[in-house]
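Remarks on the structure that follows.
Just so it is clear, A, B, C and D label the chains in written order, and each chain counts residues from 1 on its own.
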């Protein structure tokens, strides 16, 4: 049988940056200190292709996924990102002609949380992981990884709150009384999705629950599946006592990283992004930034 | 060439309820009194198939769409729903073996609106239309159509508002003063999508802008693309002065139909449904009902 | 605190058919004979609402999901559909004012399969389940459930195959030789998604792997994650030796049910539907039918 | 009224790379030589934010969209990308504190095409445009834009074709006869989505129909809405006479650019990417590359 992939390409003898599989779904079992988590993961796995080769042996990508991921059902791995690193490394082993391998993974993740102990329930989050393996000229392989999460929470707008305060003061002059200075005012509030991703040396592990905690602390309030009447009021109050623009969410999140993640190196990349699905508009509002932990740790200007 | 479609099916000599095309996109030009609208429509077009025939001649469906829809670029039609009726009728002409034809269409629709005359901008809505043609035993064809729309607006929760009022009264006892009786209190508010669909005799035309107006009047507030600071405050105030559960949105919408659409027959079917993308939960809340205009017009019990 | 939900609605004193939660995600652990499966399920849970009550106590729906679903992490259930039945039953217990409860669930499901024993890997499918509980006038509750699955496979078009045979015969007259009578000819082939759902008495359990097997047998060929060169050829050959219209997929699937599911009652409803994401068009082609097992078991006409 | 946006941020006094609106839908009218096209566009519009300012004045983004885009209903623009450039430029005018502005736009686009003149119909494509404006230290603004499209077509696999040829030769030895050397063999074929995007100086206009033509020429075959029986056979034959890996699609597309776009400068960036929705797998296969036109024009190695 002809090995069509190994033939020379007809036209366009170009190296290609990336050839791979995408949208492949796999169950992955992760061993956490206290329990096993089964994640349903969407993978993208790709390598580059040299200019003298017509095709990439893509069945190998599916085989690697079966070997690394499917086997976790009986032998769990430490984390989604460590599985990504193993896959990236193995891609370079089996695609001898490739010099770079990329793995991207996202998975739904359930955490048992609640506004109080007895109202805990599974809340859903998204895990994000990437690995990139490079075959250096001397033949050894270097690996970088990204680890992060997305959490859905709530934001209340600080600007509309002040506008409403001014409007209501005209209608209810008694609100000018100093006793009402801290009274939270109506505003628009909405579903907010925020992401935090770290770009790391391959060996570094980050407990994803800490990433989620950092995100939820940066929103006006986390949200919960089970809220009885009084709890709903509490979440609404908390959100209106911490009104946030998308700008505030990203800045507060980034500003919290040095204290929350003191063990990470200065060279660590930090990406934060957020989307508010505005209740008063049909469109979304978003903000994003990327910098290094070293830049975050430097004292800020006046 | 063999006509494989007209052959007898190998096994399973069953009549099939529906065989057709779906996800087919087409530009449709509609002539409104004051302007032309170009809609990008997603169609589903199908007919039934008798038990003695292997396949439906699906290329005829694509030809009908080209003839009825593509030609509107030069000869606009009156409405999306009248195009659906024409397509349904023609499906029965060209599929002589079929007894039923179904057409479903949805399209984005832009209306120029604003919180004030000078802040008008295009707001996006969804149009919904269906047509069903039946070949009666005596050979003549009867047609029914559905016409409707979906609008995105805002809801504020009446329950969390009362809970927050009670909580804040404890913290700010001065709020018990009668002057604050009507002071709108903080609550959770969110993006809400509401649909209204009428099921009609084929000949009846309904101005879709009236459908959208009915929906927006049933939400806590409509939303707008352009809101300067003071406008944002106004929308937030309006929404909190009209707090609504999803239940209220559906009931208020249905209750408004007899006055808003006095010309429609008692036999007209009315479907209303709504989804609130809750700001305090990661999930949605929804409500739905269907009844006839006759039922809506009957005096309600105590 | 005011119980706003229990108050009378302001306008539109209408009973509502359905008020509930949708898009709520939960992990559900199912105990199979040989292993545990963790499913990530999307639920919709709703009840009706009488005309004299403003709102439905929706936090109860979230509590029931936490009690029935979250606890399966330590106490697995038999099946997704039995969890739906438990939820539907409990909805009527805790919404004393409701007479109907609906539960809809869909979940990704992984089965370890392969074109051969050593090339097995996890393939992904979708599980579908529904439960409906009705409180009868005498107070007792009746339950109905739906159980089904969707599988992605491949279809090859029988009509284009015959057209290509005719075209190629003109170009290669030697193909008229009887030795080539069974030679499979080129055609268009594509990704196909097919669903089979049974509507059942509440107590009936159906092994979902049998549902998936029935679907895959009705497509031109199942598809697999791992296919080495020779295996790819085998799948392509199999598909072209079983060319199928969407009409054939639905009919062959329905025709196979009496033999595959002899234990199910005549009153069982059977819904089959299929979508081919046509390779030669930008749109999809679909077919659907619904009938009872009793109707399927009756001898078909000539 | 307090101008909350202009206040200093509470914590995290960081410059933010991007703050903006996303998912905003607008109708845009483009004047082509022979006709007007109404596009329904999804925009993302953003600017950066200096460290001393709490919020970005996002209502200005919506106002700019209304002024630049909404007005095209009466005064059409030349192209989607020229509208993006105008918006990017205006963003820097009205956000005096910003130094960078980004605009991203995608829109569905209909072209009347067919396998023959009398079978023409509207086929749908996606237009892609971006603009980036930078305020240089000397105050003047530089602009870059991206212009591209995505087209859905068909690919047939060259490898499975050779495998099937080998398998069928064993079963039908008569196929070894030289007369059958060019006989196209069965393979898997599927829906393929391919993108081509140019990164350009702001002033450069590219006729988008030429971009679509380049993409469709790189796939195994374009696809059409209307195909009668003989036409279907023709498309299937064409596709199997031009079997393509995703690697071939990207390389053939890139290799065709120097001849198809001789007027573009060497510094022009060229991005090509493709996704095949494999019929024999449940996952997709993709390939991507980026380089400059100058690199493409250099003679390739042996």
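Going forward, contacts are C-beta pairs under 8 Å (C-beta built on N, C-alpha and C of every residue); 3 or more make two chains touch, one makes a residue touch a chain.
If you're wondering where the values come from, they're calculated on a predicted model, not measured in any experiment.
Undergrad: In the touch network of chains, how many steps separate subunit B from subunit D on the shortest route?
TA: Step count on the best path from subunit B to subunit D: 1.
Undergrad: Could you work out which chain's C-alpha centre is the most distant one from the centre of subunit D?
TA: C
Undergrad: Would you kindly tell me how far, in whole Å, the mean C-alpha position of subunit C lies from that of subunit B?
TA: Whole-Å distance between the two chain centres: 27.
Undergrad: Counting in whole Å, what is the centre-to-centre distance of subunit C and subunit D, each centre being its mean C-alpha position?
TA: Result: the chain centres lie 35 Å from each other.
Undergrad: On subunit B, where are the residues touching two or more other chains?
TA: Within subunit B, the residues that touch at least two other chains are 1, 24-25, 62, 124, 159, 163, 166, 225, 227, 229-230, 281-283.
Undergrad: Would you tell me which residues of subunit B are touching subunit A in their complex?
TA: The touching residues are 123-124, 152, 154, 157, 159-160, 163-164, 166-168, 172, 174-175, 177, 179-180, 183-191, 221, 223-225, 227, 229-230, 232-237, 239-240, 277-283.
Undergrad: For the complex, give me every residue of subunit A touching subunit D.
TA: My answer: residues 1-2, 4-5, 9-25, 44, 46, 49, 51, 54-56, 58, 62, 158-159, 162-163, 166, 245-248, 250-255, 275, 281-291, 300-301.
Undergrad: If you look only at subunit A, which of its residues touch subunit C in the complex?
TA: Going by the criterion above, the answer is residues 1, 3, 24-27, 35, 38, 40, 59, 62-63, 65-66, 69-70, 73, 108, 110, 112, 120-122, 124, 225-230.
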